[in-house]
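By letter and in written order, the chains are A, B, C, D, E and F; residue numbering begins at 1 in each of them.
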Amino acid sequence: MILQLIDIGYLVAVVLFILGIKLMSHPESARKGNSIALAGMILAIAVSFFTPGLDNIVLILIAIALGTVGGLYSAKTVQMTAMPQLVSFFNGMGGAAAALIGLVEYGDLAIDDIGKGSVLMASLIIGSVSFSGSMIAMGKLQGVVKDIRVNKILAFLVLGLAIALAVYVLMAAEPKPLFVYGLVALALIYGLLFVYPIGGADMPVVISLLNSLTGVTAATTGLLYDNKVMLMGGILVGSAGLLLTLLMAKAMNRSVSNILFTSFGSAAGTAAAGQDGDQVAKEINTYDSAILLAYAKRVVVVPGYGLAVAQAQHAVHDLEKILEEKGVEVTYGIHPVAGRMPGHMNVLLAESDVSYDKLIEMDDMNEQLPNTDVVMVIGANDVVNPAANDDPSSPIYGMPILEVNRATNVIVIKRSMSSGYAGIQNALFFDPKTRMLFGDAKKVLNGLVSEVKNM
Amino acid sequence: MILGILKEPSPETRVSLHPEAVKVLTGSGNQVLIETGAGDSSFLSDAVYQEAGATVKSRVEVLETAEMIFQITPLDAEDQKKLSRGKYLVGVYQPLVARELMKSLAETGVTLLSMDSIPRITRAQSMDVLSSMSTVSGYKAVLLAAANLPRFFPMLMTAAGTIAPAKVLIIGAGVAGLQAIATAKRLGAVVEAFDTRPSVKEQVESLGGKFVEVPGAVEDKGAGGYAVEQSEEYKQKQSEMLEKSIIKSDVVITTALIPGRKAPILITRSMLEKMKAGAVVVDLAAANGGNCEGTENNKTVTLSGVTIIGNSALPASMPEDASKMYSKNVQNLLKLLLNEDKINLNFEDEIIKGTCITHDGAIIYEPLLK
Amino acid sequence: MEAIINYISVNQQEFYIFILAVFVGIEVISKVPTVLHTPLMSGSNALSGVVIVGSIIVLGKTDPANYLALTLGFLAVLLATLNVVGGFAVTNRMLEMFKKKPGKK
Amino acid sequence: MILGILKEPSPETRVSLHPEAVKVLTGSGNQVLIETGAGDSSFLSDAVYQEAGATVKSRVEVLETAEMIFQITPLDAEDQKKLSRGKYLVGVYQPLVARELMKSLAETGVTLLSMDSIPRITRAQSMDVLSSMSTVSGYKAVLLAAANLPRFFPMLMTAAGTIAPAKVLIIGAGVAGLQAIATAKRLGAVVEAFDTRPSVKEQVESLGGKFVEVPGAVEDKGAGGYAVEQSEEYKQKQSEMLEKSIIKSDVVITTALIPGRKAPILITRSMLEKMKAGAVVVDLAAANGGNCEGTENNKTVTLSGVTIIGNSALPASMPEDASKMYSKNVQNLLKLLLNEDKINLNFEDEIIKGTCITHDGAIIYEPLLK
Amino acid sequence: MILQLIDIGYLVAVVLFILGIKLMSHPESARKGNSIALAGMILAIAVSFFTPGLDNIVLILIAIALGTVGGLYSAKTVQMTAMPQLVSFFNGMGGAAAALIGLVEYGDLAIDDIGKGSVLMASLIIGSVSFSGSMIAMGKLQGVVKDIRVNKILAFLVLGLAIALAVYVLMAAEPKPLFVYGLVALALIYGLLFVYPIGGADMPVVISLLNSLTGVTAATTGLLYDNKVMLMGGILVGSAGLLLTLLMAKAMNRSVSNILFTSFGSAAGTAAAGQDGDQVAKEINTYDSAILLAYAKRVVVVPGYGLAVAQAQHAVHDLEKILEEKGVEVTYGIHPVAGRMPGHMNVLLAESDVSYDKLIEMDDMNEQLPNTDVVMVIGANDVVNPAANDDPSSPIYGMPILEVNRATNVIVIKRSMSSGYAGIQNALFFDPKTRMLFGDAKKVLNGLVSEVKNM
Amino acid sequence: MEAIINYISVNQQEFYIFILAVFVGIEVISKVPTVLHTPLMSGSNALSGVVIVGSIIVLGKTDPANYLALTLGFLAVLLATLNVVGGFAVTNRMLEMFKKKPGKK
């Protein structure tokens, strides 16, 4: 009877997992999805305690208690910005657990069950890779681990060796614990080599991939014990994680193979555009910009000549309207010489029927900027160039500017890092508060409109 | 049929029929005579008319030969003498105003078709000179105002300071008023409009203008879209509301008319005194007495620093397109009147009945008979 | 070849389950909006902590005298718990921002 | 310091300092004198100036008492006699054109600051009267053209036929040209523009205009954004391309200037003859000889049916905002010149050096010394 | 070996089914999806020929040949408009086949296998209901069968009796063929009673539901033979069909229970808005409109006063641009008195920068309309009212109009059925070519823009 | 109760398959656009013709002497074929309009 109930409990847990992931993929129901998945997990754990012949209960409970405290504590205290690191860390823990199970289990294994044996070896290798890879990914995000160029062939050799060892252990007539440890060590090294050369910007994709791998180890562990909940949960996480990896890469306009198999040196296609000497401008994508805008209280748009060139006046008004619908206050900061003729911005914005009340003069705007969450500079350059204030040798020194870096965040929309009318570089683009959103103003703004609409 | 186009007396610059219309009319078998230089002030030369099939003649010849005579301005006594019984006259005669003239014309025995009397029913829209000329006036009024205002219309934020947009108030949102709203909006002004008919609120807003609401107006659906006389109490309230808008405006364009009456005074002298120096009033109702105290018809005057433009002949200041539109209206009326080149005066037709003022020696226009 | 065919045929059910589960996994998130990429990654990371079930079983079945195995098993449970608990908690925090949808017009 | 504002001689209607500027200047310890009625033609009464802190005086008193004298128009011989050594004069003197006047002024020992000589560097944008006045001219040129055109600017599809949009050609897309493009676009015209500097193509397009390209122009980056003289071959090609555009245009607005030279002739008589009857040319280069053969400065003439408007004093036709902008420019220059109420003539400063024409009995303006 | 290959063949067929349905749910891949599903079906049929001990092959082939000819012939010759009927007919055939299998199988059944017995009875009942229901649905769509009010209780009694008989047969000690035939007869009658009272407009939903039922019989038949392809295929069709039923009902703004359990008389909730005497205007939703537009070659927009009221000039230009991007040719037909002032539409469209070249005068447009795929009338009414041509008593008689019904399809966007300036009803709205898309012009157009963007 | 639990436990695999298949069925069409409702209905109708497999088996296993069964079986195959072939063919025709995607820019 207990056994049957365990089966049913696992079955229900799997259904909860599926529902949980499903709900989690829609913004309105995401929180509910997380709770349902959690319920499924609690059920699965609870049920597993009824496994016949379970011993060391106290030890188990202690371990769980410690893990719970640690997990909760770190999750509650982590800073918003450090969350991806933490996810990576947690993921590594899962991989490590799977590898540890494999190690313990190896002792108990009947030597001749090649099927189970292979599954076990897979658990060991994948779990170890996932563990060490996750740790490096975390380090990279934290800024502790630097990018290192790694010879691809070396990496594959290491992996090959680990697999060869696994095959040897499987074929061997008697247990070879030492070889097993060696194999684990090699797999750990491969994990390092695998993640080391990938650029920090691509880490989220890598973490998603590693997460998918942890899912696979869960599934293999499930096979080992003929445990449905691990098997199914693992497959779900594995397949969902893989798709998610592809989607994330796509959203960043990268291909997965590009990310994984090109060293950061040559993969800096887009980053190079934002480099000036040793200064590097930080990029942002449309989605993240949309989030920043949609969840801001006050947004200021600073239009410049580029808005006119792109003929993006209608698009910017659309964005304004949709943000206002979401409760964001939007105004425009108009610099007196923005554009190429006096009143250029007025002509432009009047054409798309932007209300006159929303156009704020430079001096008034400079006072309002400190209370502004996001400034969106669209195709403007000289009129927001701090050199006008700071650099007496600059040709624009002495011109009053819109001091946009008084605001909390600055997003600059332009096509490249090239200069404006005055032909000079702009330190604003390298300001810690600034993110560059590259592209034609009209296209970018239309993209932002669709994104904000979906929120 | 022999059609005759006369040259308009100054200051009128339009011409009744455009060469395009002449081409169509001669094409269907009519003969078209045109007085020498009739099109000159509309930038249409005699040569162009000849190309279209017209024959250039002297004024007298046209008056005597043509069976149907076109002149926008009513014919003067001199010309009338040259008319013989049975001829047709097409022009803008304002029969309800020029009652004496109607009587004398009836006596000459001509059939007078007054373009401004065409009933404003849906089918007659294409012949409606009031609408087409109001379109010109509404547009031109704004241009005149902008040219005379010592300020910019649009907002400009420049290195030499920020220029606030001009505030334009349109009183009377009929055809001319709506066109004025659209034009002023185009130029970047902040536009408000007022009308006694609350139903035009939506129309004003559909052009991006703001409607000044005065609660309690009477709208007579029976009046065919025209305004009706309002109660004293309402007029009082209206005046107060309007004053507020007028005082803060840089430009006021008035078009308020009630058919057959003197135009209502909406801007009083005391309001003028409170207006900004340099402000401009364009009074399109000038010919009917004006909506502004102090308006002089066809003159520009300055009172308390406010420029009041009483130019009621705005279509004449844009003769080429105004002629084109007027001619199109006439041409559309002729489609009803002429069967190829034969006249067909079908009094069963609401439009012909409403347009025909005198016929066969008598006045037959109903509003004049009552 | 024949072995493989045989294997598939014998384990038909498992194959159906596997294929269907992969389909479900993929379908269920195929329309995920970009904003949810990170939370979803975090959430599925929490789910991958399901190895905790295996860890519990392993530790539960370990001979109480085998200290090495006990230690490893203990560690496995601890780490897996970290993964599960931390994973869900951090996901929850990430999703906080979707809590109070800003006043839609 | 004692600042004195003079009333401009007719036909100038602007005034050098706006009451807003007066307020700021008196606020920082200066004394401001103003000639009676100086602001009248800009709709700024003496009362308003008094409120802002100015004292109203007669012309002679102002000329004699003030240390710094503001008049946009150059002072006539009569007034110059009343100047004493060490005074400052601020106005628009065109030093490269009026060389004789410069010499005589230098002799009086006054310090002349000519607003039109301010170097067109970024920092000086807020003092640049050429830009601010060109803004007014460009806007006003289009309004004038529209008011004089016998046709509509926008397209209209009405019951009285379809009116095609006017075709407007802007030659010279500098500050005034760009503003004209914007204004004509606003009114609904189809706008083309031409300039010898290919780099303005993008600017024209950024305003919704179409750029007429003539391949092979020389652009001198060193000329600070100004046009340079072009080769004969290029001029030939340009003339052919332009002719095509000119002939089909309803309105042509020319603003082509090359600093220090007579304006190039771009519309020849033979082109005028081929233009549409009723077309309008507004020649903003009229004061420098005009871009159109037949242009007369400050006159409107009609040649071969084309109306040519040579009004080069357009800012004076919009005195209120033009004065406001001019005054703002002057005020920004004074920020450099005055330290609170003390003069500080720092010739190290590029702007002051470039603006100061005569000083201490001599001409010090470099372009005049060469 | 054969047996194993059969298993694998079925497995592959199931995967093909899933892929087929998946692809079929996106416009770009729908055709491919249909082919893949077909491939799966052919595979399944081919494999089933290898079932050990299969006899009567010739007979089978003859039956298949006949069925193929009949199926292809009817599918090729049917008129576009009669397709739903045909689908309903085919669906009935499937149900009938399942019921027949049940009948044959009943003879072979071991009396005491209650599990299989129940499954068999279910096959019989559901198959029969599906058959007779489909036939009635077809008749209704064809206009042959009229709506009849049916007492719900009677219907349930019939069904109850059929189930009771089934239970009796199952419990009986020996075969009761007669009772089985009786049970089938009752089930057939229930099918009739079930569909009879449902209104013709709701038939598509009913057919989808019956289709889902046929899927269930396929699944039960699969259980009977322990045949995976039938089981899985059946479950897929059953669940997909059920969801589709719900979606279809939702798209029609109806609830399924409303459709099934309310007689046609009272169900006219939404239709009322578009009714004029006995004329009913047909509605269309945003999505279908978007498809119509996106797959058209030539689209003509006819704007009217409503476009101005809604201030939808920017939205209509956006739609124009996105359609042009998709290769659709878009022009505007401008009626001389559209709006409320001469040139109203010009002012409006110039504001949103619609090119002058795209504005076509009425007379020219009337000539172009016969070559136009879709006319989109936006907030216009009088200017497209055929009464101006046809009805001498109409106040607008004699005004020239844009004769939009010369085009292939007409979509009319307005907020309601209310009249325009002239205050008269418009026969265009009841034209067979016309579909009404109700809503504020700006909202509707913005909706269309997003839909078209996603195609 | 116990019987049910037992049944579920014994037939676990089937239950997994059933649940997963239902999920797949639902997920796969959950985002279907309205235009595709009818074609999809038609397509899934064609798929429900999978009973043809059963019909073939039934007819194939019928005693060639049992004429009643033969007739019924023959009919079953015939009708099921109609369902399959007709279903796919008509779906294909419905989908014809999605054939030539207009030239995306």
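Convention: a contact is a pair of C-beta atoms (placed from the backbone, for glycine too) under 8 Å apart; a residue touches a chain by one contact, two chains touch by 3 or more.
Keep in mind the model is a prediction, meaning the values are calculated, not measured.
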If each hop has to land on a touching chain, what is the smallest number of hops from chain A to chain C?
1
Give me the fewest steps it takes to get from chain B to chain F if each step has to go to a chain it touches.
2
A correct list of chains touching both chain C and chain E reads A, F
Please name the chain that ends up farthest from chain B once chain centres are defined by their CA atoms averaged.
C
Which pair wins on C-beta contacts, A-B or A-D?
A-D
Reference chain D; chain at largest CA-centroid distance:
F
With chain centres defined as C-alpha means, what is the inter-centre distance between chain B and chain E in Å?
57
Distance in whole angstrom between the CA centres of chain D and chain E is 70
When centres are defined as mean Cα positions, the distance from chain A to chain F in whole Å is 42
Taking each chain's centre as the mean position of its Cα atoms, how many Å separate chain C from chain D?
74
Residues of chain C that touch two or more other chains: which are they?
16-17, 21, 23-24, 27-28, 31
Residues of chain A that touch two or more other chains sit at 18, 22, 232, 336-337, 342-343, 347, 350-351, 353
Per-residue multi-chain contacts in chain D, two or more chains:
125-126, 131-132, 135, 154, 156, 158-160, 163, 186, 188, 208
Chains that touch, pairwise:
A-B, A-C, A-D, A-E, A-F, B-D, B-E, C-E, C-F, D-E, E-F
For the chain E and chain D complex, residues of the former touching the latter:
334, 336-337, 342-343, 345-347, 350, 353, 356, 359, 361
Which residues, counting only chain E, touch chain B once they are in their complex?
305, 308-309, 311, 336-337, 339-344, 347, 350-351, 382, 388, 395-399, 422
Chain D residues within the chain A interface of the complex:
121-123, 125-126, 131-132, 135, 175, 178-179, 182, 186, 202-203, 205-208
Spell out the residues on chain C that touch chain F in their complex, using ranges where they run on.
13-14, 16-17, 20-21, 23-24, 27-28, 31
Within the complex, which stretch of chain D touches chain E?
154-160, 162-163, 165, 188, 190, 208
